[in-house]
Every structure is written in structure tokens, then in C-alpha cells.
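Shared between the two complexes below is subunit A, which pairs with subunit B and subunit C, respectively.
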Partner chain A sequence: MLMISPRMASGMQEKQYTPSLLNFFVYNPTFGQKEGEEEKKILFYHPSDVEKNEKIRNVGLCEAIVQFTRTFCPTKPAKSLHTQKNRQFFFEPEDNFWIVMVVRNPMIEKPNKDGKPPTVEYQEEEIIDTVYGAVVKQCYSMYKLFNGTFGRQMEAGGVELLIQKLEKFFYRYLQTLHLQSCDLLDVFGGISFFPLDKMTYLKIQSFVNRVEESLSLIKYTAFLYNDQLIWSGLEQDDMRILYKYLTTSLFPRHSEPELAGRDSPLRPEVAGNLLHYGRFLTGPTNLKDPEAKFRFPKIFVSTEDGYEELHLIVYKAMSAAACFMISASVELTRDFCEQLDGLVGPQLTLLASDICEQFTVNRRISGPEKEPQFKFIYFNHMNLAEKSTIHMRKTASVCLTSVHPDLMKILGDINCDFARVDEDEEIIVKAMTDYWVVGKKSDQRELYVILNQKNANLIEVNEEVKRLCATQFNNIFFLD
Partner chain B sequence: MEHYLELCENPVQFENASSVNNVFFDEANKQVFAVRSGGATGVVVKGPDDKSSVAFRMDDRGEVKCIKFSIGNKILAVQRTLKSVDFINFIPDYPHTEFTQECKTKNASVLGFCWTSWNELVFITDQGIEFYQVLPDKRSLKQLKSQSINVNWYQFCPETAVLLLSTTVQGNVLQPFAFKSGTMSKMSKFEIELPVVPKPAKLSLSERDIAMATIYGQMFVMYLKHHSRTNSPTAEVVLYHLPREGVCKKTHVLKLNTTGKFALNIVDNLVVVHHQSSQVGLYYLYLPLVFDTLYSSSWSVFQPDIIISASEGYLWYLQVKLPPTVNLLQDKGKLMDFLLRRRECKMVILSVCSQILQGGEKGRLPIVATVFDKLNQVYKEYLEAEQSYTAAVESGPSRGSAAPKRPVRTQAVVDQSDMYTHVLSPFTERKGVSHKFIIAVLMEYIRSLNQFQITVQHFLYELVIKTLVQHGRFYMLHQFLQYHVLSDSKPLACLLLSLESTYAPAHQLSLDMLKRLSTANDEIVEVLLSKQQVLGALRFIRSVGGHDNVSSRKFLDAARQTGDQMLFYTVFRSFQQRNQRLRGSPGFNPGEHCEEHVVHFKQLFGDQALIKPSTV
Partner chain C sequence: KVQLRTATYIRYKANSECQNNVSSPTLDKETEDAATDNDRSDSGEFVVTMLAKAKLEEQGIGVKGRSSPLLEVGTQETPAFISHRDEDVTAESWRQHRKHVFVLSEAGKPIYSRYGSEEALSSTMGVMMALVSFVQSGDNIIRSEHIVVFLQKGPLVLVCVSSSRQTEQQLRGELLYVYYQIISMLTQASISRIFEHKKNYDLRRLLAGSEKILDGLLNLLDSDPSFLLAAVHCLPLACSLRDSLSQILQKAITPNLVFSILIARNQLLTIVQEKTVIEDARLEPADVHLLLNLIGASSAFQAGEIWTPICLPLFNPDCYFYAYISYLDPPECTVCLLLLSTDKEAFYAVAECKRKIEEAMMAQNSLSLIAKVQSYSVSQVGVSDLRHFMYKPFDVPDNYRHEEEKMRLLDLYRYMHNRIHSTSRPLKLIYHVAERETLLAWVTSKFELYTCFSPLVTKACAITAITKLLRWIKKEEDRLFIRYPPKYSTTPNPSKSSRGGKSDQQDSTDNGFLSLL
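Now for the complex of A and B:
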């Protein structure tokens, strides 16, 4: 299948606006069904300073659209609504609870001569449903990770508690949404795994097992290195969202002080313990502090019959991070934290330097990483493994990509095509900018390659991708 | 109290000592001689096993002082006087009449003699030693070598053929000699430190306080040091290591913490100290142990592990009872070190492993790890020895080097199937053990095997997978496979395939594994065809260059089964093209059994859709 992507207009004085968040609200149509009590349906509304009647109007509109479209297909309710200026995304995570996100379409402002107001040109086709649909789902998952389900709060403290929790969570969370840099990776919501040899991996296993055995309060453990996952005792879906939290929120917040110089005021006080480099990323910053509080964030993970609430202890030594999860019904004490610090600190420090050494050795064997002729994104639906050479290091604020947004858009489109059919397929696209974009789907795996070979023909591109698969993915079964 | 030593169940029985029956014991051949009336009414030789019993008569030519067979019962030597030794041939067809050898040193008394081979022996006299070769056919002896030296007493270690002479007035300078096929070599002498130096000098070191022993293949001289009252109040055993070459060195001191009469044995490389007055003390090289038993004063102790009751007519071997010893050492690592060196250790080791896993206390995993590492260290050494033996045998005999010796598999080699059968498999089936701990233990064992670069056997992986599946820990399993902790193999890939119905991703994991094996292309095709991925299978077999050899029928069957007519068309045409390329004709060979598919194809698409044979 060959597609030609539309070319985006560009002009010197034109002003480009990226997609941005207009509204975000949570409602339940079964609340406030009486005339005049419509406001009760609204559980959360962003921005909060919108006038009440407008809120009611917008929620009512969404409700109507969903109701109306349901008549066409009762099993698959509407997911999004495209308009010229914006796009709305609907998501019903729990029965009758709806989350709606309204995104303003990207636009170009063209200045007009003679002092006339500039013409605004909305680019309605630039936004991909699957990408922002995934963002809404992620918002819910993140909320659920820290608060449990909406239903749980309703049971615990009624609608008042739910409203309070939603407010508290989304007020901060929405500020961290960077809609302009959302892309294919948000659709995947994958996990980047740290490549490791068998022996070092077994050592980590041994470490995790020993800690769990001697500190039997610990229910689950996850182990990461360099922000990449090595071991998860949590089930896949819980790990997926915890991983997202760790890598996009917790770690970036703590890496900045680490990167800061030794004498920087940002650098946290290093405890007097020279035996190891371990420290708590959640909970007490300094164990020695007599005022230290032993409170940890609580998270909710799934169990066979519902959910359980856990303390989340994140402990880090150099580049190795271990997350220990303990039932929230247990109160964590100074004593326990000191015990954990004493047991885990030295071992984790040692492991971290072991892994680092292994990693350097492997690097040296495989030779210095050359800037390859191609960039790729790989994702496996089975284990959520994702690998991207397109994205730079994620920071708290932005996720940088090394390719033009146009190309990212093509990747997103190909992904949508893949999602439509079950069978394996391959799509090759020549972009206007002379890049070749190739998408391959084999069983549960997807691979997207961007080739910078403007003079290559279709056959050559095909050959090139085959070569790439043979070198980069030779240990998995990938149909040619 | 537990008993750590026992006498063997089947002692060697002989006629008890009496006024008419003299009993002798030869440590070299471990034989008991019952000599009735100086031999005139019979000599019965027993031990070490029933088969080697001999009975004969000899003339009563005076009281027998010492009687010993040469190695292999070829020649019998009898000492009746202080001056000479008599010999009788026991080789068939040789004259049986006795012949005599007098000692050659004038005015010397023969203290005794020791056989060093089937026909060589050494006389020890108070003035030196004389080394002889017996010429049985000529009924005479040839002196090979002699050495002049004042001798108080001597000890002989038959295993190493080393003779130890006590010299000087005090007797504490010991001179060893080594014998080997006709040669006699003097080793460097050494001095035993006496607790008190007597003035004036007199013989102060008794032969009863010295014993020779081989421990872990090394020769030691053991000295029972009795302290005088003024010095430290308790006795001790001092070990001197006597190397073949080089100087003898004091290496170990075993404190006995008691006084009295002692006797020494070596059992299974353990030093045993018998304490005659109270109980019997047992001292290992590492740890002191005490056990008590009724102890008869009429028993005599012989090296290395023999106890004889001449009055009752019994010869026992002393044995270590291992099972009770496991409670003596709290440190399981040290316990393993101890057990791994014992002869009958395997079942005890395995039961200790099970015992560790049974306990409920915390902090067991590090202990489990240590124990596994110790076992696998020994296991690995054996595997390596076995490997280099195989390599040596395969490369054929090389000149100048001895034929390779097959390594001995001792009980200390505890392999994966031992662990599986006796420890791990029962452990995983035990009720009430958390699956977390079970998996942790299995992973620890796999880690240890990997650390020693031992190939993990499939049944262990099977056990891991079985346990994970039983507890629904599929994601754990997935991660283990992702990091190749469970190594690729066809059986493992097949096992994964069988899990697909309960855990869908197992299908992908299995295919990946088959791909990495690179010898499983046929299996991959089968898997894809079973999933009705006919085109995928076709593309795969092409990509690995196997297209020319696959069975077209298999593919056509699968394509037809899908009910997809276009697919059937494509596959059919593709094989016609293959036939054309291979044989110059698009038709199928009768051997391919594709007739029904040809008919089916014609029915669907008509004759004209077939590729026509090209006309040359």
C-alpha cells in the first residue's frame, strides 16, 4: 500500500499553534437528573473558572452526542467528535462515569495586510484519535493508580469525597499533560526494558527474593535501571501505569538534583553512610532527621478479586531503583525504614555497579553506537516492550523527538490502519520530505522505520528494512 | 546421646586368642592370623573379606613373633627369632619348603619386617634397615640396599610404603624412608617437640603415641602429646604433614581438653581419638565431637580404622554415622564442607537440603544459596574432569603420556537429577509453602548452576514453569523467558505452545524460541499452518531457503482448510511455479499426493487457471 502524505503549509510570518487542552471534565449522567439540578452531574471541570451554565451546556452536549450515537451501535459508543476548531474525546471508564477531554486543533495564524485581523486556519486532520484517546485513558489509569476506582470513592465517602479526590488529583495532573508532544508512544503505553545478560539478571532475581524473604511485609517488588524495567512483581497492567509514573514523574523530579553539582543547594543531603549510595525517593529524605515522616504514597493495584492498596517505597542507589510495595494496612515505622535501608542499600549499590559494568562491557563489544541510517519504534503488545530510537530522553516537562511532527503523524496513521485488521501487514509510505516510512505488523508486534534515503526505490527500502530486522531483531520471530 | 561412630555390622571373625592360639594382625593386608600351636595344628588367615581367607599348616619351629603375607598372598614371612626371618612360597608350582634369611648386621636384633611389594621386604633391626628382594624360585633373598642407623622402634604406613624410624636417645627424631619398586629413598628427618625434655636423656617418645595416616591423600604423622602436670593440663594431638619431597611441618593441633589414655584412628578422613578411661572422644579436623559408648579394655586399635578384640575373636571396621552429625554444625555452609568430604554423603546432603527448605525461619535464602554453590562447585569440578577425560579419549593415545583415567564419581557429586528427585520436586509439592518461596529457591538453584556454567537440564525448567503456571504467575514466566533465564530448547518451546490456551502470549514466546534455535524451521511451519497462517508459513520457509524441499501437500491441505479460495489459489500457483523452476514442469509428482487438490483447483477456477507446461 502506498500513500502520499499531505504537505503542510509553511510561511515566514505565519504563526503556528500546537494542540492544547481546552476542557477536561468528569461527569455522571445519572446524578442530578431532576430539572435544575444538572450541575450535580458534573464531578470535575477544567478550567474551573468557566461559568456554571456553560459547564452544564457542554456536559449536556456530550451526553446528548453519546446517547444519540448509541442508537447506531449500542456496543461501541462514540469515542470522539471532530469539529473545525476542536476535537472531543469520550471515555467511559466505569459504568456511567464519563471523562471528556476537549483538545483545540492545531492552527496557523496568517497575518493579513491592511491591519485586518489575522486569518486562522484550523488543521483538523492533524490530530490522531488513537493518540489522544490513549491520553484520556492514561489520565484515568493514573488517577486509579493513586486513588482507586471512582466507585470505590463513592462507597467510601459518597460523591463529596469523589469530587474532592478528582479535584486534588487532576488539578496537578492536567498541568503535566503536554498535548503537543503526544504521539504513537502514548498509544502503546509501553515499557522500555533494560537489556541484560542472564547472570546479572539472575543476581537481581536473587536480590529481590532475598529482600522479600527477610522483609516479609514486602508484597511486590519492581526493579529498574536507567529508567528501564528489569523486573516486575506486579501484574503487567499495573506495572504499565506505575512505570509511566516512575519514568515521567518521579524519576525526572529526582534526577535534576542528582545532575546538579556537588555543592549545589539542589543536591539532597547525603546521609552520613559511606557504605552505600541508597536513598529513599518516596518517604523520608533523610533517615537521620528526627523529624522525618515515614509516609509513603499509596497506590492501588489489581488483585484476583478487586483492588488492594499499597504503600509505594521507591529506593534508589546510583542508577538502580527498587520499588517495594507493602500493604497499606500496615503502618510503616522508622524502624522498618532503617532496616530496609541497612539491608537494601549496600546490596543495591553493589548490584548497580555490577549492572553498570556489564552494560559497559556489552557496549564495548558491540562497538560505539553509530548514528544509524534509520530510526525506528518497536512495540510488542504481548509484553508491552517498547523501543524507540526516535525519542530522546524523557524529562518531566517534555518528550523530545528527533523527527519532524509530520513523520510522527504518518506513524500514527499507519498504526490506525494496523488496528483495523487482525492480519499481519506491511505499509510503506514515501513522505513529501523524501523520507521513507515503513510500518510492519507481525503477530503482536509492530515496527515503524523511518529511512532517510531519498533516492531509494520501493524495492531497496524493502530490502533495507529486511536487513534491519535481521540485525536488530534476529532473536524474535518476525515474518518478512 | 547420639552416636556418631559405629562398628561395622559384619565383623571379621576368627578364633579367639588363647594359650594354644596366638593371634596376629597385619595392617598392610588387613589380615588376622590365628596360629594354633606354633602352626602345627593350623594357621587360619581371615580378612579383609571372606574370599581372602587362607588356611594351612606349618611346622612348629618355635614361637612365632610376627607373621605376614607379602602383597597378594604370594610369600609368607614368619619371624621366630631375633636374628632371622623364615619364608614359605605360596605361589603354585613353587617349592613349599621354608627358607631363612638372617639379618646381615652383626649383633643386631630384628625388631620386625615390612613387605613393600609382592616380593620385596625390609628388615628393621636395632642398628638399621636392610632391604631385600625375595627370589622364590631360588628360595633365597637378595639384598637391595641397607642403611645403618640406631633404631628405637618403627612404624610403617602400607598405603604409602613409608617407614618411620625413631632415632636418637630420646627417640623423638623421626627418620622416614620411602620404598618403591626396588628402590629405597631417605626422606628428610624431623623432630617431634616433646612436652618435657628429660635429664639425663632417655627414651621419651613411645611408639604408642605416634601413628601414621593418610588424610585427603596427604601423609600425616600424628602425635599424641601427653602433657606433664605442670604444663597445660590436657592432652593434644599434633599433626605433622609429611610430604613426599620437602620438609615435614607441624600443621594442626587438636586440643583434647581431657587427660588419660588415648588411641587414634582415621575414619573417612576424620581423626578419631578414643579416650579409654571415660568415653570415646571423636575429633574431626575441624570440630570436636564427643560420643559415648561402652568401651572394652581388651580392644586394640589399628590404623587406619580397625578395632580388634583378640579375646573375643572379632575384627571391626570403624564407621562414621553421618546422619546424626548434621545437627552438630549450625553453620550450614560449614556443614556442607564437612559432608562433601565424607564417603557416604549423598543422601545425608540431600536430606540436609530438604531440611533447610522445610524450616520456617527468615533469612534462609542466603543459606540456600551458599549450600547450592558448594554443591555445584563439586559438581562442576566433576563435569570438567569428565569432559577433559572424554576429550583425551577422543583425541586418542598420545605418546609419552599415560592413558587418561576416568574421573571417579564420588557421592559428593550431587547432580541436577539428584536435586530434582530428592529435594526440589518434593519441595514444590509440599503443602503450605508459599509459591514465592518455591520460585525463589528454584531460581536460586538455576542461578547457582549458571554461575558455575553448568547447563541447566530441561526438567528443572519444567518444574519452574509448572510451579508458575499452577499459581497463575504467567507474567513472571514471561519475564524469565524474556531475559532467557530459561534457555531455549525445542522441548521448552513445545511446552510453551501447550500453554497457549491458558496464556496467549506463550505462542509468541514459543515461536521466538524456535526461531532462535535455527534448527526448528519445520516446527515453525507446523505452528503457522496450525494457526492457518498459510501465507506466513510460505513466506517464512522461503526466507530460510527451505521452499524447495517442503511438502506441497501440507500447505495445500492447510490452505484448503481455511476455506479462503483466493488463498488456495495463491498457494497452489506458488507451488506450480516451484515445480516449474525445479523440474521444468508445473505439474505435481505422484509422490506428492496432490491429485485431489488439482481436482479441487480445477473445480474452483477451471482448467485454464492452471499454469500450462511451457512448450519447448
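Now for the complex of A and C:
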């Protein structure tokens, strides 16, 4: 992606290039070990129009690097390779299966006079390993959510099936990667929880119980409001990747038409049901049409002894969304969908307006929401709860932050430092621009605060942060 | 036709015991000479030896003898350095070394390995070379549990494999030091020439015996913070003593003498430089470090006077200076005089300077005064919560006794240094509360400060402590640091030594002592 920043008087423009994806490939060195059969190791390669020999060479290089690092530490081989122009990340999610992502470093192109080619300055330090390493892991998790593990695919249909599935998934998924906006939140891979009062929470709980009892096929349920999670019956790791899929892929796809005006042609066909506002986001888009075919996406979640395959039903009413997961071995008929629609629709609509009311009431009590006073990011490793007053809008394509990207990178650095030890720590830094950044790690929780107080000193900054903790995190102990 | 000829002289001072036998009449002529020699101020027998004469031919056929006596003296070694040359490279213990360093040529020929012999590692080196050529040119690193840093300088490739948690920039800086140390022995120009003519030349033939010097450098890099801060440690001296020593050096000059350096206990006492030719150029701290390492790496220097070619890579990587090195206080050998000249025939003239210097110092009783000087401790600063600090301009009092603790502390300082000097997001201040200590690092336009406190210190306390510390340093500044090396002139009027002192123009690198890298 290209961003142009105009230079001052000279009229010459300096072009800033953000990090972008160069290569992405999946390989297994144990396939094709004989000379002449190297191509068999490659299971997926992007971009696909690269010459075969070059693919083999790149994969060979990765193998060599991994082997080389094993000379010094056999159990923990290479994670990344830094070169001037790009950065490669290595990830071994399953035995002998390697995923490699190559990112082109951000660079600045400075035009030269007299028709000389522009000088290019690579900014290696801008890319933080932990951030993009997390992105690679996420790619695998997302693949695993929809396809199960590589091992399982091999069992089901051998290498050919695996290659097919990889191609089908990554071809689309890679297009959704927006490497220029990856940051600390990708490292956390957390979930934003919706704050609720007890009554409403209980209402939701009982709704879930009622539905699960009436429709006994349902194995797991998840309840979200406004892109934030309220309740989930899934394992944490599965929920976190499902959450990412819902909030960055499924919901945005369906929310834009919803936001369109009443008379707009984009507005979805209200399926003629005046009793409730509920509709299927996955599965049948129009229940009235008996001929229309539909299918639910299948996902894989882990269980004690492996995994299970489930249908994913996502049903939405206004801002509330409920996910129901049913074993894939069951065939879901139109009748079943109508039954679900009839049962869930009205209840969910009611709940949604209840929650909305509560939310508005609460806001009135707590005062109008002006620009949040503190810019902070909070993450709890135990329940994956994350909260950020820095990120304003996060969709698949855009992630607006209200602070300078350099400050976000400083947060990334502090997070790296915290990750080195298990103990609780605190790091306060003053950046060149006189912004103060405070990082606190306590008992599996991390808090990062950015303060724009140029003339403050260390003591004053400390007091400010204490004030923040008292209001927002008063029941959590952070080091002083 | 290219010729590199070097000659070395070593003068040995006979043991004083010999002189006692002089009176016996049955002695042969030599000792009689010795008897007459006794009358001279430099008593003892003199042996002038031409140690090495090397001629490098363009065809790169080989070198007769060796190129530098510095390398030679390395072989007459003390057990000061444990040799890792014969380590088994397949053993677990080899893998567990904190930091491996390898040097090889572009053609993949091994040149040096810190642990294990280069021969045993030739296949690993081959792999490294393949990686380097495969991946694009430039400086590359691999990150895993260890971090692998590649640096290519001219025809040499240097690789470091480290589990020390240093950053790539710091490790690259260390590799650069190794490269410069090699240059200091051979010059960059000759290395380029050698490899231009013969790509698979085995550089070990020229570097035989130098492993200890490189080993010593790597040990210093690990344990001495002066490399990290690109500054040189000065022995804290009373102003008057330092001035008197500088004056002594300034008076003892000869044409073509460019630098006169006095060192005690591996710390700088004073440095004076020639005014006209050198002008305001200064010796980079890195060059001083390399010199100190060369001198420290071999105890053979302690025996007498050495005259040897040496290259100062940051000053001029392509030519040799000639260094006169002599300890002034045998046998303790803590005070060393280093005189650098551009004239290779000037041995006797420079030795004469040394004689003058020695005389003057004896008159002022300098040696015993120097011996009395003590290094710093934090308690002298009088700040109670402070455990350790490093300040550049520079001082490192020592509170962490145990080796491992020292290393750990230095690692912590290195991490802070890296964050503060990050090229893309530098910082002004870091306050890091960790389990075992609280660290504070602060950089301004005038100084860099790294401090270490108890983990329970409060912020208010830390700030107060720092303020006290800075005040103390300001007060003691003249004693702790050498800001402006005095100068002399060896051309037209050698007797008129102009005292450079504090130059009129404000030094742009105001942080004082010897300019930053």
C-alpha cells in the first residue's frame, strides 16, 4: 500500500510504502526428499505465478536456515530472518509442517534530481517480530477453524486434499490481511467484552439456556452484542479465533447493508416477518423461498480427545447476534431453520432492545462520553479480555488509532520486554516527542497508558496513571 | 610490485641480578660491556632483535615469516587465556556457549572461531557462507532461541550466534569491533588487495597467533561497558597530576610523533596529540579500545620495549602507524606508555622521548602518585539508594561483585541502551521496575546516565538520588573525565609546544571525553 506525504517547498514527493505481503507458503520437508522431487514439499505458495525453481529455492533456503539454527539449539529453531528489504517469519504449527510468511519492510522512496532513480531507504526497525509472528499464527488458527488440522486433512484425503484445501482457504484469506495495520492487539488476540449489569446478563443466560433446551441439537452457543462478546460456551482458544472471524469478516460483510437507509436498494430483503427483526447471517438468507439452497459454514473446535466438526449458525437481531453450533453429522433442514427462526427471532429482538435500553440508561448516568481522557490498552491473559481506547474503529480493512504509529511500536517494544520474564514489572518511558508511555504488568494483566503531557516529570506521570487505575481498574493490583 | 615490509625490534632489559656478577674477572667480554653500560642511565644488556620481516607478494604466494610481531608475541603466551581451540564442536557444552563468533572469507574459507577450531567447523562455515550468498547481500540476521547476525565487510564475513539477548544492532557493533581488530593488524587496503588477487586465500596464514587477541577482545566486549557506551574509561586523577603528566608528554616529542598516550591499569591517564597534522581530529574510542586490547592481550609486552606497526582502523584503515609500547613500572606492569609515530625508522628517536618522559616522571614521583589513585565506589558518591551507575562521560563504580551478576547488570544496561538509541523510535528516559532491581536510564544532549536501584525504591527517591548524583558528577568533573586532549606541534618549532587545552570553538560533541563513534 502506498501513502504519499507531500514534501514542503520543493514540490518533490517522498513516497512512504507500508509493509506488504511478499510471499506466503506452506511446506513439509519430509515430502519429496529425493533429488528431483523437491517440488513435492511445497503445499501452498503465494504468489502462485512464480517460477517453479524459484519456489524450490526459497523453500530450500528456509529449510537450510532452520537446520542451521538447530546446530546451536536443536529444540528451538529459527523464528525469523531479517534482511534489509524484507522479513521472513517461520512457524511450525504441526510436526514438520512449516508456514513461512515474507513481509516487505516499510520503505521511503526519496526522489532524486536529474532523473536519477529514487533512493530507497528501508525501515527495518518498524516491523516488530512479535506482532507479525502473531499474525502468522493467526493465519494458521483461522485455517484450522474452517478446515481442521493439517494432520486431519492428510488422514481424510492425503496430500492432494490438503493442497486443495490450502489453496481454497489461503487464496481468499491472504487478500484480507492488512499488514500495515497490525499492532499490539494482534499479539494479544483478545476479545472485547460488553459490560453489562447483572439483570440483563441473567436474562441473556436464561435465553441461552431456553434455546439450548428447546433445540437439543445445539451443542454450543455464543452471544454477542455490538461486536462485543457477552457469553460463550466454547473453549477460550476456539472462541478467540471465532470472535476474530465474526468481527473482522462476517459482521462487516452484513452490517454495511444494514446501515444503509430505509429506501436504499442495499437494504436487505426483510423476510416479510413483522414479528421480529431476526435473520440468519449464515445459512438461508430468505426463508420464504422454498427452492433456495443454503448451507452453513463448518468449523472445527477442539475437544478433549481431538476435535469436532460443527455447523456454525449465526443469527442476528438488531445489534445482538447469537451463534449456535450443531454437530456437523446432523443435516440441517429448512424445517429446522424455520423452527429456530420462530423460537429465537422474537426473543432475541426483545433482548436486543432491552440491552440497548440498559446501555443508554447507563451512559446517561455515567455522563456523556466525551473523548476518553486516557488513552490506554488493557489485556487480561486469563480471560482474554481486551479493552482499548486508542483504537477507534476496527474492521477487516481499517484500524484507526488515535495515536502516532511510533507510539504503538513503543507499546510493542514494552510488551516484548514484559514477555521476557514471568514476574510483575513496570516500565515507564519518555519518547522523543515528549509523550510518556507507561506499561504495567501484574498477575497476567497488562496495561499500557499513553500520556500527552510534555512538561510532566516522572512523579506526575505516576500520579496520573494511579488516578486512571483507581477509576477504571480499582480492583486490580498494579505495581506502584 | 606491492611490498609490505615490517620490522620489529624488541629490547630486552637484562635482569638486574646479572649486574651483580659484573665484578668477577673471569667473565667474558659481554658482561664487561654490561659493566660499562651500568654507568648509563638505562642499565642492562641490550639485545636488538629483528623479529619479523614479511614481504607480501602480489601473487599471494605466501608470506615468509609473519606480518606483524604483535601476532608473534601472541604465541609466547601466558595461561591468561584459556584456549578453546580444541573444544569438541559436537558436544552439548559447545552449543551452550553464550556467544559464538566466526570469521570467514567470502569464498567460505574459515578464518577464526571463538570456540572450537576452524577446521572442525569448516562445514558449518560452509553453510553460513551459503546462507549469506543465498540471501540478499547486506546485513542479515536470523532470530530463534539464539540470534544469528551476519556482517559482511569487504571480503570478510563475520557471524555471531548469541543467546545473550542482545539486540542485532549491538551484536553487529561487536562484530564490527572484531573486524576492526583484524584491520588493526593487517590494514583494510592489504586485505582487499589479497583477496582481489586470490579469492580463496587462507587469511589464517597472516593471522596465525592472533586468536588470543580476538579472544581477548570478545571477552572484553562481554564484560566491559565502555564498548557499549563508545567511551573510554579514564582513571580519576587530580587535575594537577593529570596536567603535570600531560605537560611531560607534551615536552617529550620528536618529528612525526602524532599521539602520546599514558595508560594505567587499562584506564586512560592522559592523551596528547600533535597539533598541525592531526589538528582537531581525535582518536575514536574504538581505536583506543583496540589499542588497549592489543597491549593487554599479551604479556610479552611487559618484557621491554616494543616497536610495531599498527593500524588504527577508524582513523585510517589503510595505513600503518608505528607504535612504541613500553611499561614504565616493571615488573608490576600497570603503567604503560604508548607513542605513535608515522615514521617507521624513528625507533631510536621515539625511544629517546620515552627516556625523557621517564626521567621527568621520576623527578615528579609520578609513578607512586598514580599507584595511589583509587577507582570509584558508589559509596563515595554519598547517595544511599544508588547501587550502581554508568555515566558517559564515563564512570563505572563497581557494586556488583559476582561475575554473573556483573554480566546480568551489563545485559540490562545494554537492553536499555538499545531502546534509548533505537533508530526508529528513540527514547529520552526509561524507568523499569523489575523483580531484582529498578533501572533508570536518561539521555540528554549533555550526557547519558544508566542507574540501578533496589527494586523497592520509590520514584521520588530515585529522582532525588539521580539529582544528587548528577550534582556530584558535575562537581568532580575535572577529576573524572578528560574532555580536551592537550596538543603539541612537532613541525617547524618542536620546542614550542602549544597547549591546546580547551579549544576556542565549543566542541560539538559536548558530552566530553573522546568523541562518540
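Please note the rule applied: the second predicted complex is superposed on the first by the 461 of 480 C-alpha atoms of A that agree within 3 Å, B and C clash if a C-alpha of one lies under 4 Å from a C-alpha of the other, contacts with A are read in each partner's own complex, and residues count from 1 in each chain.
Note that contacts are C-beta pairs under 8 Å (C-beta built on N, C-alpha and C of every residue); 3 or more make two chains touch, one makes a residue touch a chain.
Everything numeric in this text was worked out from a predicted model, so none of it was measured.
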### Message
After superposing on the shared chain, does subunit C or subunit B touch more subunit A residues?
### Response
C
### Query
Where does A:430 make contact in the superposed view: on subunit B (first), on subunit C (second), on both, or on neither?
second
### Query
Is A:216 in contact with subunit B, with subunit C, with both, or with neither (first, second, both, neither)?
first
### Task
Return first, second, both or neither, reflecting whether A:175 touches subunit B, subunit C, both chains, or no partner chain.
neither
### Message
Let me test your reading of the model: by the given contact rule, A:327 touches which partner, first (subunit B), second (subunit C), both or neither?
### Response
neither
### Task
Mind working out whether A:125 is in touch with subunit B, subunit C, both or neither, as first, second, both or neither?
second
### Query
Intersection of subunit A residues contacting subunit B with those contacting subunit C?
424, 479-480
### Query
What part of subunit B is in contact with subunit A in the complex they form?
362-366, 369, 436-437, 439-440, 443-444, 446-447, 450-451, 475-476, 478-479, 482-485, 504-505, 507-509, 511-512, 514-516, 524, 533, 536, 539-540, 543
### Summary
Touching subunit A in the complex, subunit C uses residues 95, 100, 124, 127-128, 130-131, 134-136, 138-146, 148, 161, 163, 165, 168, 415, 419, 422-435, 458-460, 462-463
### In the complex with subunit B, residue positions of subunit A that touch it
193, 196, 198-199, 201-203, 205-206, 209-210, 212-214, 216, 230-233, 235-236, 380, 382-383, 385, 424, 443-445, 475-477, 479-480
#### Entry: Touching residues on subunit A, where the partner in the complex is subunit C
57, 61, 64-65, 67-69, 71-85, 123, 125-126, 129, 406, 409-410, 413, 417, 420-421, 423-432, 434, 457-459, 462, 479-480
